[in-house]
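Two complexes follow with chain A in common, the first pairing it with chain B and the second with chain C.
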Partner chain A sequence: MTFPQFALGALTLLPLLGAAAAVVLPHPARRITGVVTAVVIALLTVPVLVTVTSGELPELVLGGFDAPLGIHLRGDGLAAVFLGVTSLVGLILTGYAAILPKSTGTFLSATAWVPGHPGFWPLWLGCWSGLNAVYLSGDLFNLYVALELVGLTAVALVALGGRKSWEPALRYLFVAVLGSLLFLAGVGLLASVTGTLDLQQTREALGGLEDPTPALLALTLMTIGLGMKVALLPMHRWLVPAHSSAPSVVSPILSGLVLKAALVVLLRCWLWAVPVLAGAEWLTWLLGGLGTAAVLAGSVLALRQDRLKPLVAYSTIAQIGYWFLAFPLLLPGENDDAELASGAYGAVVALAAGHAIAKAGLFTAAGFLKDRCGTDEIAALRGAGAHHPTLILAMGLCAVGLLGLPISLGFTGKWQLATAAVGAEHWWLFLVLAAGTLLSAGYLLRGIAPLLMQAEVDDNTPAANPVTVRERTGELAVLLLGVATLATGLLGAWVSTMLEVGSWW
Partner chain B sequence: MDFGMDTITWYLLIAAVMVIFGMVRLLLVRDLLARLIALDVTGIGVLLTLVALAARSDATDPVLQALVITGLVIAVAFTGLGAVLIRRIEGQQDDPPGGDAP
Partner chain C sequence: MISLIDVVLGLGVLAVTGLSLIPRSRLVMTLGFLVLGVLIALVWLRLDSLDVALAEAAIGTGLLSGLMVWLAVRSPLPPGAGAMETSPRIPWLRPVVGTAAGVSLTLVLAAVWLRAEHRLPEWRDAAEAQLPDTGVEHQITGVLLAFRAYDTLLESGILMLTAAAVLALSRDGGLSAEGSHRLGVHQIAAPMPPVPSALSWAARLLAPALVLLGLWLLFAGSTDSGGAFQSGAVLAAALILLRASQVDLSGFTAYWLRPLLVVGVVVFICAGLIGPVLGLPWLSWEPEWAFAAVLSVEVLLTAGITAGLYTLFLALENPEGVR
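Take a look at the complex of A and B:
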């Protein structure tokens, strides 16, 4: 076993081990376990990234049991990009949670509500393990199990936020479980036709099948199920209460990382598991249409918010739309133009990766202000910028990424999407991209600008309280995410080369 | 063999009806516990579909059976999590208007 292979196994199992250890430890020790595990995971990501960059595909068959029943981990380009992003964001957020325990929720002790929930650490590490397993899974069965692990831990993480978060958490549970049941039905249907769950074997078996109907039905079921989990437009209502009532370090985890897990599974199903189907065009156009509606409606709804965290949550819904815009371009259609499809695929990955970093930063900043001032009403936060210049700078940097201005992965993604749209002569995509960018400029300005204005009542705002050293360090963590938004913008070409490894074409 | 196919079709029909009833109830009812049970019914419907599909061949399909067993474990997990959340939500309403206090 080579070291990258070892790293693949360790990336999925080590956080799970950390979670199990954290359950039995007292609270302060849990924090140390969490930080140590996060650092080790980040270090283990490096050899995988190096191997993939050099053009090799690290693979690991756990325990020597081969497909169809064994567990097969495959570190291809898609997995590598999202592993890298998750390790970066996860490490920074872990640091933030360790410095500011208040951000992990409130805990009802025997007498009163205490800030800092000890349950955060095992749940977050369990969630991280699920995320890594989703990226690395080479078969549909493990995708399902890992997705379920991510979903259930995410629900529990939302519920850490105290009384107000329980109802949104329950609603999230209903939607997430219904989504994964539909996904399971689709997986079962595919397995009953092909007799295997391995992604490559499924593709080969389906390619030899004459009747595309079962595969199409399975793909539709899986797409609806995953659409619920990604919160694509008509199935998006659960996202805003869940993401905005979650504790302040959990919201960025949910918005930045957990949604990406469902997106990765969707891409695996569409591009790896199922070959190009004859009747799938209407589904791609439906997804493209819903994406357009999500970009427009999400942005308009974000503009109408009076509170910072719901505003950021609605902006997530708009950004989700961008990923689905590319679906009509994603499958080589009548022209059989593989280059175009790879461009659109690169665009989706770049947009999603950029969003993971930028949105994590913006949500952490919003949560920081809510924790500090006791409210996230934009009117009440007026003038907070004077006391938190670092935080505002970080928010601005993240906004650049969300807007898709150069230099950021958001820009790379939009550029690639526009190029692919020109190639396919889908001019409507330009209109949507332009409208979405303008609207997002509007809502981001609406969220950030009041923070920079002079407060109406001087020195009476909660933000004027003295800032502790811990809070200053927490602000630096947010700034780190902001800087990462711009720094990853320089890596667009690297991401494209990595995606070549182990791709479906 | 004709009869065997027929039984499986019956099971598939029952499963489809369970999924549809469960989903409709889940989406239309406000009572939290009823929604959780509706979700369970939907889950059982999906698993029943998989069992019926697995029983089509003479030797039962092990891959689908593995899916069903995992699905059952996950169903237990989400029902437990949902039940805890519902108990907390309903426990915090100090004097429920409906009169069915916990």
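Take a look at the complex of A and C:
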């Protein structure tokens, strides 16, 4: 067994081991366990990325039992890109949580609510294990199990925010479980007509099937289920309360990483598990339409928020829309050629990866301000920028990524999407992209500009309290995310070459 | 082909489902749910799925009913008296939309399900051919702990983290009480609702039998139906019964709960790591010592599942105090 193959298994199982250890340890040791595990995961990501860059596909047959009996782990291009992004964002956020324990939520002692939640560490490491399991899985049922691991820990992480976050967490739980069940129903239907659970074998078996109806129904069920988990527009209402009431280091995990797990599963279903189906065009157009609505409505709703965290959460809903805009281009139709489809696919991945980094940075910054000032009302935060120049710089860099300005992965994604739209002569996509970009400039300005204004009554704002060394270091972590937003913009070509490995076309 | 028993069972399931949904008293709903569980287990038996029937009876009915009985005793009336709020302007809209959606969903699913050409699973032959290498004789145990051990491992991870979430939402966030190694959760101190004395002695009488049944299910799993999940559910039920009849379990909870919770997952991952150490893939076990590995993993997983399910029961106590 080669080292990259070892890394494939270890990327899932070591964080789970870390989570188990954290359950029995006291609070300071949990922090150390968390940081050590994060560093090890980041190091284990490297051999997988190197192998994929060299054009090889690392694959591990667990237990030596071949599919359809056993489970395969495949580190293809899609997996590699999201593993890399998750390790980068996860490492920085772990460091942030270790430096500023206040950001991990509040727990109830015998007498009062105490900031700094020890329950964060096992749950976050478990969530990370689930994320890596989702990216690497080559088996439909295993995807369901991994998705459950992510969903359940994500719900529990929201609930760490104290009394006010319990209700949003419960709502999130219901949506997540319902979404999982719909996905499982689709998996069951596919397994009953193909007789296998392995992604590649499912595709081959479905290709030989005359009647596309079961596959189409399964795809519809899975798309609705995953649409709930990814918070596509009409199914988005759970996201804003959950993401904005979560503890300040949990919100970036949810918006940046957890949503991407559902997106990856959706792409696996549409592009890997199911071949191009005759009747699937209407579904792609429906998704494209919902994506358009999400971009427009999400941005307008973000513009109307008075508080910073809900504003950032609504911006997530708008950004989710971009990923679905590309769906009508994803499946090669009669006139379009496969190159357009691969371009659109590259656009979705670049947009989602760029969003993971930029949104993690912006949400951490918003949470930092909320923790420090006790409120995230934009009016009350006026002038906070004078005391936190580093933080404002980081927020600006992240905003560049969310707007899709060069240089950032957001720009690469929008550029690829526009190119594919020109090729397919879908001119409406330009309008949506332009409107979305303008609106996002509006809401980001609305969120960030007041921080730079002169405060009305100086020195009285909570932000004027002396800043501790720990807080300064936390600001640097956010700046790191901002810099990463721009730096990854230079890696667009690398991402495209990686996506070639083990691709569906 | 369809016998009278099947028809009666089917109608019974429908009737009892109504009974567990429509009434407004939580106690009646809970009893309806209990009976439903028994009927569903019988349905699984009729379908020749002994393993599913056991799991359904132990986890679906046994444990879930235990949680629901507790809830029904603590607060008999659901908030809002159990009725859905009707829309103020068009009161018939919600029921009509709900019924229409339900009917169309059932029709589409049934049509596709009946029309589709079903294929037998392709892993059947492979499973039979490779079963001797796994060290177990029962196919389902082979699937759970050898062929798809990775799924089982992630699932036990889910149960462990669910319990970790419960502990995190308890008082003191699942940490030891200050200056000691005792788990500082509040539930140990909270009084249980009063129960009739008959239950108390019945629980003490039943507990040894339940423990015996749980262990039998565990060890039968390698050759026959049963296994870690069913056995863990029965053992957790014994713990819940003991706690409900006010037997003092505080020492067990304070010192043993957290270690038991994680030991199954930790040993499972370590056993999976033997493969890479020997140059084999993750989670592979050589036929010579496969049985030893599977058995020790299964025993410790049972401990983890027992602790995890019992922790879920502890979650019922509100950390802010009884409202």
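Following the convention adopted for this analysis, the second predicted complex is superposed on the first by the 504 of 505 C-alpha atoms of A that agree within 3 Å, B and C clash if a C-alpha of one lies under 4 Å from a C-alpha of the other, contacts with A are read in each partner's own complex, and residues count from 1 in each chain.
Rule of thumb we're sticking to: a residue touches a chain if its C-beta (ideal position, glycine included) is under 8 Å from a C-beta of that chain, and two chains touch if they have at least 3 such contacts.
Please read all numbers here as calculations on a predicted model, not as lab measurements.
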Which of chain B and chain C A:306 touches, first, second, both or neither: neither
Which superposed partner A:204 touches (first chain B, second chain C, both, neither): neither
Which of chain B and chain C A:195 touches, first, second, both or neither: both
Touched partner set for A:163, first chain B, second chain C, both or neither: both
Which of chain B and chain C A:173 touches, first, second, both or neither: first
Chain C versus chain B, contacts on chain A by residue: C
Chain B versus chain C as contact partner of A:377, first or second or both or neither: neither
Which superposed partner A:23 touches (first chain B, second chain C, both, neither): second
Contacts of A:145 with chain B and chain C, given as first, second, both or neither: both
Shared chain A surface residues [contacts with chain B and with chain C]: 68-69, 141, 145, 148, 152, 155-156, 159, 163, 189, 191-192, 195-196
Parts of chain A lying in touch with chain C, wherever the complex brings them together: 1, 5-6, 8-10, 12-13, 16-17, 19-21, 23-24, 26-27, 60-66, 68-71, 107-110, 117-120, 122-123, 126, 129-130, 133, 141-142, 145-146, 148-149, 152-153, 155-156, 159-160, 163, 189, 191-196, 201, 205, 209, 211, 213-214, 217
Footprint of chain A on chain C - complex, ascending: 108-109, 112-113, 115-123, 126-127, 130, 146-151, 153-155, 157-158, 160-162, 164-165, 167-169, 171-176, 186, 258-259, 261-262, 265-266, 269, 272-273, 275-276, 279-285, 319-320
Chain A partner contacts - residues on chain B that touch it in the complex: 19, 23, 26, 32, 35-36, 39, 42-43, 46, 49-50, 53-54, 56, 61-64, 66-67, 70-71, 74, 77-78, 81-82, 85-86, 88-89, 92
Chain A residues touching chain B - in the complex, by the definition given at the top: 68-69, 141, 144-145, 148, 152, 155-156, 159, 163, 166-167, 169-170, 173-174, 177-178, 180-182, 184-185, 187-189, 191-192, 195-197
